[in-house]
Amino acid sequence: MSNLVKYRIAKSSALKIFTIFLAFVCVVPLIFILLYIIRAGITKINWHFLVNIPKPVGESGGGIANALLGSMIIIGVAALIAIPVGILGGIYLNENKKSRLAYWSRLCVDILQGVPSIVIGIVAYFWLVKPLGGFSALSGSVALAIMMLPIIIRSTEETLKLLPDSLKEAAFALGMPFHRVILKVIVPCGISGILSGVILSVARIAGETAPLLFTAFGNPYISTNITKPMQSLPLLIYNYATSPYNDWLDLAWGASLILLLWVLLLNIITKLTTRRWKVQL
Amino acid sequence: MESTIIRSKNFNAYFGENHVVKNVNIEIPKNHVIAVMGPSGCGKTTYLRCINRMHELIPGATCNGEMVLNDEDVYSMHPIFVRLKIGMVFQRPNPFPNLSIYDNVIAGYKLNGIKLPKGERDKVVEQSLSRAALWKEVKDSLHKKGTFLSGGQQQRLCIARAIAMEPEVLLLDEPTSALDPISTSSVEDLLHELKTNYTLIIVTHNMQQAARVSDRTAFFYMGELVEYDDTKKMFTNPRDNRTQNYITGRFS
Amino acid sequence: MTQLETELGFLKNEVINMWNLVRSQLIKARTSLMSYDKDLAREVILKERRVNGYELKIDRDCENIFALLTPVAIDLRFVLAVLKINSNLERIGDIAEGIAKYIISAEQPFKPELLDATKLTEMYEESINILEDTLTAFENEDTILARGVFKKDEFLDEINIAANNLIEEYLKQNPKDIDQALYVLSIIRKLERVGDQSKNISEEIIFYLEAKVLKHKHSH
């Protein structure tokens, strides 16, 4: 074997080792974060923690029930707003690939995806909180819905793009009107991709703090009125982690772990739905 | 004796500025198999898709001229109604992947929101699958997904799906080009059976197939209908030199 | 059943019909020869048109099968064989017509002694036999029977060769019958051709069934 070939082989294996090393480097911070949060939070979590509201300063114990419920309501309302708009928008973009409106709206969606969450929070503050005269969970939901939209729209569009045109033609050739073709054929066939987009977008906004600071604001008590301020997990973590009290710090750790598990769970569900609902083309 | 079911007169089709079907005049008799052949890009598929108004679904596609189904102008009927009367089978088998074999056959009813009583449904499914020569092969797995079938079976499923709607005409756009030879011949044999109940128009770039399956053949070249005659006549003694060159493979 | 199989089935039937017609032509020609029945002879001449009609139809069917159904392997050999058998049968039809024409031209009935002495009766029997053998071989795809035809053809050849001497001897005894004797000699020559055509047909049958070319080979 000539030296040149040996040199090449050496170079090749060097690159291989280097990429493996880098891949490892990527994973290490994640593992550290996970371990750290689990170690700090695991001892705080118990049934009591989940079903009680925070105690005032000085009293030990207390839980995050208000934040847990609040998060669910805020995210639920946000999803209610974003899912229909997002899916229909995605369908429009896929159906009218070449129209001028589609081009611009695609561009807008991409820009929206890049808008910092705090900016969206401020916008929601000026659009909703000020005119309505006070902080409210609804305004937080709107801000989060705006953040969900680009993810749902793009994932819907990408999913539908992968469906062969022949499927649509088959439906049209059977004399189906357009709305039935979309609702009965296109959406059911792309359902796994659309669902996973939705779940991912929920996972993405579950931890958003910035837009909620100016909108949902936070609430130390359990509230189910979406026109009033409401607590949520990220807000609770933000507020209590920066406080000087140990009890509150513990609460923040516990809440962090809950939030982390939530996001993890959503990601796993996404993987499962994709597999379970996947339509074999 | 034989009645005309589809007649086009001075029919033209365009993609934007592109004139792809030029002044086609053709009369298609009932209960016959008509083959439409020609080199790629000759307008044969476009012409076929004009018959059931699938052409206009493509952005920028237009057409003019007369296209008559049973003395009624196709272009003054509602497109959905036209497509119920003129079924279509495509190049690649395209059963709905989210539906079972059973549901695929009655997809035209089910997805259009037409409710059939259970007994009626079973009858339509069995009859359509039998006509498509698929019943024996799938009768024990009707509730499996249609995409589990082989390519040839899938194509026959698509034919069953189209004939379940009881169309008068069945358009087939290169129905065997994605199939292996055995599946191809099973689909070809089927066409012969089907012509007792339907009129079949089959586009093919395989002239042997045109020769085998059809009663009449139309030859398209550069958007024009060059020759339209009995298949026997066409393949033994074509009138036009271009036809002769095409079927003998001397095309330059 | 594929379309090709159906078409080949039709073609086979058509050929068998033609075969039967040719056979009945040959038999009628014989009957008219034996009984000096000029009407029957005229019928044979008239029916020759139908034989020709079959020939054209089978030619056209073969052409269509080639053009439309592209037969291969045994199917291809079958159609090729039919094409040639078709023209062989047509020639046998012509022979029957030729014999019938002699009977119309003949001025008096053929003498049975002449027919026996020249072995014509025997030869006629054998040539009808040989034609029937080829038909059965074709119908039943029987190559053994087809091979048997070669032997029988040799027998016809022998009679044909012997015919000159036999006629000569007969004429020595019955010099007045020279006219009749010449007709008989012509008929013998024609029947020998029936043997040859049948032999060709047998070769085609073997070619189509076994893909063996026996033509122009001296030992079978």
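Should a chain be cited, it is by its letter among A, B and C, assigned in written order, with residues numbered from 1 in that chain.
Basically, a contact is a pair of C-beta atoms (placed from the backbone, for glycine too) under 8 Å apart; a residue touches a chain by one contact, two chains touch by 3 or more.
This structure is a prediction, so every number in the text was calculated from the model and none was measured.
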Remaining chains grouped by touching, chain A not included: one piece
Central chain (by mean CA position): B
Which two chains share the largest set of C-beta contact pairs: A-B
Gap in Å, rounded to a whole number, between the CA centres of chain C and chain B: 49
For chain A paired with chain C, centre-to-centre distance based on mean C-alpha positions, whole Å: 92
Shared interface positions of chain B, touching two or more other chains: none
Contact footprint of chain B on chain A as seen in their complex: 98, 164, 166-167, 169-177, 180, 184-185, 188-189, 191, 279-281
Chain B-touching residues of chain C, taken from the complex the two chains share: 2-4, 63-64, 67-70
Touching residues (chain side chain B, partner chain A) in the complex: 52, 54, 57, 59, 80-84, 87-88, 90-92, 94-98, 107-108, 111-113, 145, 147, 158, 161-162, 165
Touching residues on chain B, where the partner in the complex is chain C: 185, 188-189, 192, 208, 211-213, 231-232, 235-236
